[in-house]
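In what comes next, chain A is part of two complexes: it sits with chain B in the first one and with chain C in the second one.
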Partner chain A sequence: MLKITNLSASIGNKEILKNVNIELEAGNCLLVTGQNGAGKSTLLHAIMGRPDINITGEISLAANKLHSMECHERARAGVFLAHQAPPTIDGVNTMTLLNEINKVHDMPYTRSELIAEASEKFLNMQLPNDWKKRAFNSGASGGERKKNELVQSQLFKKKTKLLLLDEPDSGLEQSSRQKIIELIEETCIAGGSVLLVTHDKELQAKYSNNKLDLSNA
Partner chain B sequence: MRKVYLDAESVDFMIVPTQDLEFVFIQTEGKCTANIKVKPVADSKFKVKIYIYAEGTSEVDCVCTLDIPKEVSGVETDIQIRSWPFDRSKIKARPEMFIKNSNIIATHGNALGTLKSEDKYYLASRGVSDYKELIKQSLLNA
Partner chain C sequence: MNELEQEYTAGFTTKVESELTGKGLNETTVRLISAKNNEPEWLLEFRLDALNKLSSMTEPDWAELKYTRPDYDNIYYHSRPKKQFNSIDEVPQEILDDFEKLGIPLHERAKLAGVAVDAVFDSVSIGTTYKDKLAEEGIIFCSFNEAVQHHPDLVKQYVGSVVPKGDNWFACINSAVFSDGSFVYIPEGKRCPLELSTYFRINSAGSGQFERTLIIADKDSYVSYLEGCTAPQRDENQLHAAVVELVALDRAEIKYSTVQNWYPGNEHGVGGVYNFVTKRAQCRGVKSRVSWTQVETGSAITWKYPSCVLQGEGSTGEFYSVAVTKGHQQADTGTKMIHIGANTRSKIISKGISIGKSTMTYRGLVRVAPTAKNSRNYTQCDSLMIGNDSTSNTVPYTECRNDSSQIEHEATTGRVSEEELYYLATRGLDAEQAASTIVNGFCRSVLNTLPLEFAAEANKLLSVTMEGSIG
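Coming up: the complex of A and B.
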């Protein structure tokens, strides 16, 4: 269960979130809405532990006090953020990074299984053939970066207790929406929770029964 | 062609490229001096990429020289050097071009630096905290 109590978040001197409270049972998806600048992405990054976001309040995921953990520790505790604008990381090979993520998650795959699974998922997402050999997101379009995020989310969903989806649909073709829905459903069935930020009307409609509006936060 | 040098001391050679070239220097201790001389034949097309990783107090001094005499024309090439100096290591790297024919297309680039804060955050959000090892392994396994 995700429990956020009196969370306030600021970047520099600018307060972005004030007294946000969330209780989300395992196996559920919460749609986070609000106008531009309301703090939707900031909420996800505050949960993930972005170093330049100062927070007060408490964030707990099951027995883990996330608010007192470093970002990489939160990831290892099962928090997975599919970024809105994933960077190109010069010098970091895609497959080497996947291998390292696999290691920090106690090896859900053997090395050969990971290569096979990743290759299949990259193919399924219609990413280029040489994708896994490239430097991370090197030469990638915005849509390809988002697909890369979805592939990673799929690969490690069994280790994910809290999936944070930051506009996963932006830059993607309509047909990818179904993959996002499948990812959310599978994560919830496996006992994980999902926070979804999206401007996609169909996704918003599908998950509107459990909604947090940050417009006044 | 790809060649990896681990804690090398001196690398000095001349090459006549027939394909793309990639050189990787991983320096964890001591000093490495590298002189790579590239002497293409006429009408050849190739790229040269040099990756340099250094950590601790190690040092790398690398020069990649493109030498094209007057009688060699039609060459198309690009030389790129990317360096990651971690800890208190030092990297000096530069491409040098001596081109005496006007019918040549030659470009070059030289970038030095470690990871940006947004890159570190992204990797941390995947549970990765040992950035140096990740880059080292990436260069070794690419």
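Coming up: the complex of A and C.
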């Protein structure tokens, strides 16, 4: 389970979160709401361990004390963040990067399995034919970048204990919403937890029975 | 790729009694070196003429390099182990161990398969492997001094014919005081069956290394050659001013690869090798071909522009370069492609990576003469900066003097952002893995051109550490 105790977060001199407490059982999804600037994204990045966010308080995921781990260690411990605005990484081929990610996650796939799985998922998301050979997110639209995040979330969900979804729907067509729902359901069934930040009314409605409003935090 | 070379691992010193002579850049030194090598009169004249030319020259200052000028009168121009030896069996065990530690076994029983090696320790060549096997094919591969003794006509005909004595300050110094180096001659119609390789090592303190390499590929021949370099870790700067001359006759092909890993100095920018090198190839024959591939990761200062003079009709010159600077290293490197013959082709792919407080400059010249009708050049020049304190410059010069030729130039400059590094961290890659992934992706097109045997070494060298470079 995810347990966050008295979490405060600041960037530079600006305090963004104050005394946030969360207890989320394995297999559950928590909808994070709040007006713009309430710190929804900051909460996800604070859990992920972005280096420029200073935190006090404790974040633990099962036996892992995330707050004292580096970002890449948290990722290896099963925290997976689907970014809101993923960057382009020039020169790094998409498949090469997936292969590196596969390696640091103790090879859930063999190399050929990974290529087959990734190809199928890219196709399924209607990403361009040469997507896996391109430099990572090179020349990609906002929507394509988000699809790339969803594909990775799906690929590595076996290893994911905590899935952080930062506006996974923005820039995507309505039909992709179902894929997001499937991803959440599958992650929960496999015993993972999900934190969801979204502006999509339908997704909000679907997960509103378990929500955290940061407006007052 | 998982192995990280955070520290300079070739920085040890070999305890061998050396004889250091020839202090100061003057006629006494020049005569002493020539006498020690038992050189013919014409070569002494060559050296003295260079020394004479030097008196009217000045050290170049146009490069993007900041360094204290070497005190040329305080350098020993000749250093060799005290004990003389005539074959590898007589070479002191310490020196053999030294090369062995660097992965270059010289003993017959442990020789590298498929690679013939000439090992140069300070000023002298201490041994060449597979010499006899190559001789059976008529291929000459030996130290420069041996070539002067046994093949004087070839040396006399070609030395200084590609890089003239007075070409530039550093080439001129080399022409006056060069000590040893490698000599290669591939006879007409021969494909050299082995990779040829020279391994350079500066060991003695206070000495410089001024080697001279001359490679001649006769008509319809082929050779692939690699040089590697290391030096002990020392607080003072060591000077390395080499000259490399390549001559390709009709339809001959020379592939020349360099993996340069001279000591770069410590994290405060103290010490390190000053690497001032003149490398030039002349494609004299029709349809001759020369390609330079370099992986440059060492040296405090690098000043180096391996060039091709494309004289023969239909000749081709290529330059593939990966240069990485970190800490306080500075590199000003690139190439010159001089098109003279008609239908000549050249290709330049340069990848520069600067990390930490280092400075990287690409400097290139593409000149197409009026006679070089229907010639083509393609240049791709990319630079990548990691961290916020590194600097990168691109200085391309192009001159096209006829209207049937084409010059294409593409350049990109990028800085690896903290956002990208964070993204990779969120996928579980630590800083070193993230840097390696980015750097390798960036350099792939050049690394693919290296001979297979050396690609692994180059990859290892490029596994750079990001520690302290992000901020």
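The criterion applied here is as follows: the second predicted complex is superposed on the first by the 217 of 217 C-alpha atoms of A that agree within 3 Å, B and C clash if a C-alpha of one lies under 4 Å from a C-alpha of the other, contacts with A are read in each partner's own complex, and residues count from 1 in each chain.
Criterion: contacts are C-beta pairs under 8 Å (C-beta built on N, C-alpha and C of every residue); 3 or more make two chains touch, one makes a residue touch a chain.
These figures come from a predicted structure and were not determined experimentally.
S.K.: When the two structures are superposed on chain A, do chain B and chain C clash or fit side by side?
M.R.: Superposition check on chain A flags a clash between chain B and chain C.
S.K.: Based on the superposed arrangement, let me know which partner A:I55 touches: chain B (first), chain C (second), both, or neither?
M.R.: neither
S.K.: Check whether A:K133 is in contact with chain B, with chain C, with both or with neither, and answer first, second, both or neither.
M.R.: First partner only, chain B.
S.K.: Can A:L2 be said to touch chain B (first), chain C (second), both, or neither?
M.R.: Neither partner.
S.K.: A:L114 in the overlay: touching chain B, chain C, both, or neither? Say first, second, both or neither.
M.R.: Neither: A:L114 stays clear of chain B and chain C.
S.K.: Touch test for A:C71: chain B only (first), chain C only (second), both, or neither?
M.R.: Both chain B and chain C are touched by A:C71.
S.K.: Return first, second, both or neither, reflecting whether A:L165 touches chain B, chain C, both chains, or no partner chain.
M.R.: A:L165 sits against neither chain B nor chain C.
S.K.: Return first, second, both or neither, reflecting whether A:M95 touches chain B, chain C, both chains, or no partner chain.
M.R.: Once the two structures are laid over each other on A, A:M95 reaches chain B alone.
S.K.: Quick one: classify A:L17 as touching chain B (first), chain C (second), both or neither.
M.R.: A:L17: touches no partner chain.
S.K.: For chain A, give the residues common to its interface with chain B and its interface with chain C.
M.R.: 48-52, 70-72, 75-76, 81, 83, 86-87, 89-93, 96-97, 100-101, 104-105, 135, 152
S.K.: Residues of chain A touching chain B in their complex?
M.R.: Residue positions touching the partner: 48-52, 70-72, 75-76, 81, 83, 86-87, 89-93, 95-97, 99-101, 104-105, 133, 135, 152.
S.K.: Where on chain B does chain A make contact in their complex?
M.R.: Listed in rising order, the residues are 51, 82, 84, 111, 115-119, 121-129, 134-135, 137-139, 141-142.
S.K.: Over in the complex, which chain A residues touch chain C? Could you list them?
M.R.: Result: residues 48-52, 70-72, 75-76, 80-81, 83, 86-87, 89-93, 96-97, 100-101, 104-105, 135, 152 of chain A touch chain C.
S.K.: If you look only at chain C, which of its residues touch chain A in the complex?
M.R.: Listed in rising order, the residues of chain C that touch chain A are 384, 412, 414, 417-420, 422-431, 433, 437-438, 441-442, 444.
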